[in-house]
């Protein structure tokens, strides 16, 4: 039995609210149950130095948590003077996941900067971030098309992410915080709309996991991500 | 005529939403029109080193803006490795304003850390922060009383804040961003429920201001803060 | 009775020594009683990046205290790796105060960097800094005129600053350290030679202050600043 | 055909040289072909603050590259003042991998700090680091047993790591730099001696990868890691 | 001919002004011609962590330059967020030089922190700092004796320092800035009152120097330091 | 008797292994007994900003120690976020020593960056670094000549370094760690092939040293450096 009474293969309630704040080119509040993340996409008409004059664009991401998005207050990274290793790991993952579905040459010499800021955390903040960021980036790209700056979308596919893990010896989908903090194995899976993998990051927190367990986890992840992509499409068609 | 069509002495629509996120001891979304700030109050059963063993508590604040809370994206302070002078100035102001209405000895040897995070900015983020933070801290203190950790409230009074300024030669109340960026004089006023001043910070951005102008600005501020305190009381009584 | 036996409306002995060190374009030792600050003005024939090509100049300030300028030694900010919030607040205030009396377009595409370094502190370091920095900047500008780089002074007016506060229930002018550390309300006022306000920063350290008290404080400040400007003029005419 | 003429399922020549430097409790030079990493294990008779008094030990790792271990010189992280996101990601991975095979309670209240410093890089530095660090940590633990500080080894199993990837449409084992920089999918796999997974990190650099491809990659990784563990055992038995 | 018309073996005018600022236990303005450094000695009744409980004291130093103590403005180290290599080298030298003449066991479990802040630079700031710091530390120690905290002076000898160098092919004593920036060899020598060496730091800026030249330079340095120690004694006897 | 049983004027066994790693333009493992340092020389076809367009090149050095190169583990400077004062002092010394024998105009507008990384420390790491770095830089320059980028060597002479000190009242050459940590006086001497001094840095750790002692130390240093230069020539001729 899961603490939330969900079925093993059941997502939390997922909501994608577009135009959540008003300044960004794309702004989405993504909720995976009690996990809430504001994802904004900013378009800038320049590229980082290493891409100057290469005829292509760039997509990158930054991630943060409000200090009291968590059960006990975390120290504010800005006042500590650096981002933790965990933060950097997550924002690099978000950036790579998004770049996997963007044709950077079609994007042209501009960049999209995605900010994922967790305002309430209950497990799965990185997978919610990727799932919401895709919608934000879609809105930003649609804005470029509407403004005549792009004639064709550089988006090659959808991308979404979910966590899976072995909790009390059973594989479960979309771990919330009570499951995440107690689970033996935790895997984050990023997939495209066509069902291929962009990232797999599996970690045995306690007992190492077998290949059979991994296959069960991937089955769950595939199911969950398909559902997330349906929800992304529904949100974008509103 | 103000860009928002407001009267010179008219506040923007102000909303105070309690219990906005679920982990903090006090959590308030404060909205001054399009300016939106999440204020959380965290209670920790310890005090900073300089107060150890002195029989009193502490109240302090941190402030941040999401990178795309503004019209053009600001660099994330956590990734830059430091808080700007502006950020530090604002969080010091919020902390002082709150301490002015808290009896630190009655609070006992514990501290309340307030986090004010701007998710959408349209001028007046520091005054909204102070006004919302007071409600968050009230909830945190009520929680301590309910839990039997305090028998008596250490709150001595309400505190709220508003900006006033001279915009196109006229004194106006509660500047939004178009006014703030064009005004000649900008003053932030922090007052208690009893009508006394906690902080006055007036700056001539362009032309220095006369004492007569200052008196007009203070009249406006007093009016506005009285209205804010009525709204705080209404929010806290729900 | 004040600890220094001064009258409530009496400044400490103020001295402005020009050409105090030999390298800077303007170099002034300002003394407000036992508070001693070296103010230097450096002219650089460039502007910060955000002003490149805009046809105007810039004035900015930095502030520091020698570690043992105070009664107990403070940690050296350079070895700690950052400037405190207080330091940043003060140097931003000095910069804004000076810019209020400089016509930046007339200054041309160059900047004046003012350094205010406290060698001995006894309260009022920021107001002494502003008062002395004006003299240093005047010398630097006169040097530009003498060198034929400017034909007309970009200075629009004098600027000076003083602190006022409520000490043992009475409003007093120009707080020294014993008063400053014990006072209930502390206000720093920056005014021009024409008697208008550039900055007002009032803080209730303990009990909030009434509007009547604020008016008394401003009366004192106006008197003090008038005297300071007389002293600036005398120093500059030597 | 691979640039190195290796078979698709062929490791580079792997060497594990124990007692490579003389001060550390464990010191191993690990070579995966031209990739050379010094792994040292340091035993300290204390634990990090979050584990004080919990009756268990800790294992952690740091990673670095000599500036000219690579083809073009990288900036020295110590002089830049921070570790890159990549460095932090790798050292966190090494630490988790080692902890997966150490019984931290049996280790007692002490910590083992592993340093992995790359002196020459040709792809696979993180997998070489994990594979060599296991040998270094084994030596450090054997030293504790020999010194009578431990009566029983806290090591539960071996752990080793290898990279696999899809290079020119074919799955290959143990990517060297020319393969790594050109491959479409890159996966780092960490496994125990009993054949279970500790970590799987797969990334599609270009085209997302299918589940079938992932299975091929895991087959290769299992083969490679079995061979590495044979080599670890041989090294430790000398 | 030297730019200052001094003889090759002639010091600049040296002045040592005690009690220069009022808060520190020792406070000396040292002037070597136009080089002016404020040296303060602060006594703290504690020791750094590495000396806790070892029954001895510590002496350490920090060094800084006001940004415009030099001909062109240097960036403020506090705002840059770090001390330069040169600054650290100098403050380590000052600390070692002072410790060479202090019996740290006789000092007891307390530390003396010396701050040397250059307010005007014209070459030789480190040698002026050491020479002035000795007087400041002497005053601080005499204060401890007067207060009954020490019964016997922990000072074993005097210490002073001077620079020598080869300027236009001739050895000269006490280089000022025009000489220092043009000289081929620069040597800083620190000696005790008994005529022994504490530090010798010689650097060939251009052409390497011969042993014969070094001997000439040391002759000059010995002469200069003897004169400085006479001046220290005179200052301390006033 | 020395702990190593060496004669007072006897160097440790010195080895210079060229082409130690494969990427750098010059790569040397230098061993002074148990002290082992990897010295690499990197050629970059640019110069630092302060030399742009001046028609000359630059040579600079960085220094580091692997955390467990020493008997007890040192904290990693990259994870601490800054280089120690000692590290900066040493790398500045290495850079100056190398520049003393390079004709920077003949080098042309390019720079050589030398990295000296200590993999095992037993005293004398800075002198080993200078001695090995000269060989690395020679290889890099020979590569430039071989590639036709230079027609003539900018090397003016050899340079090498050794430590000398007074250990148990006797002057000794090439201190190892047991001697270095116990010696009263420690002197690092850098000389050219023609027998002139580039740097002398002598420090009395305990008792100040006399001029007679210094002369004895310099005699030893001259002898040692002559031997080192013979070894450099032998290594470079292989």
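Note that the chains take the letters A, B, C, D, E and F in the order they are written out, and that residue 1 is the start of every chain.
In this text, a contact is a pair of C-beta atoms (placed from the backbone, for glycine too) under 8 Å apart; a residue touches a chain by one contact, two chains touch by 3 or more.
Computed from a predicted structure; not experimentally measured.
Student: Compute the shortest path length in steps from chain C to chain E over the network of touching chains.
Tutor: Minimum number of steps from chain C to chain E: 1.
Student: Check every other chain and keep only those touching both chain A and chain D; list them.
Tutor: Touches both chain A and chain D: nothing.
Student: If I average the CA coordinates per chain, which chain comes out farthest from chain B?
Tutor: F
Student: Thinking of C-E, which of B-C, D-F or A-D forms a repeat of its interface, with over half the contact pairs identical?
Tutor: Repeated interface of C-E: D-F.
Student: What whole-number Å value describes the gap between the mean CA coordinates of chain B and chain E?
Tutor: Their C-alpha centroids are separated by 50 Å.
Student: Measuring centre to centre with CA averages, how many angstrom lie between chain A and chain B?
Tutor: That pair's centroid distance is 33 Å.
Student: In whole angstrom, what separates the CA-based centres of chain C and chain D?
Tutor: 59
Student: Which residue numbers or ranges of chain E touch two or more of the other chains?
Tutor: 81-82
Student: Which chains make up the ring, in order, starting at chain A and heading to chain D first?
Tutor: A, D, F, E, C, B
Student: Which residues of chain A touch chain B in their complex?
Tutor: Touching chain B: residues 21-24, 27, 34, 36, 38, 40, 42, 44, 62, 64, 66-71, 73, 76-79, 81-83, 87, 113, 115, 117, 119-121 of chain A.
Student: Mind pulling up the chain C residues that touch chain B in the complex?
Tutor: 82, 85-86, 88-89, 91-92, 96, 100, 157, 187, 191-192, 194-204, 207-211, 214, 218, 222
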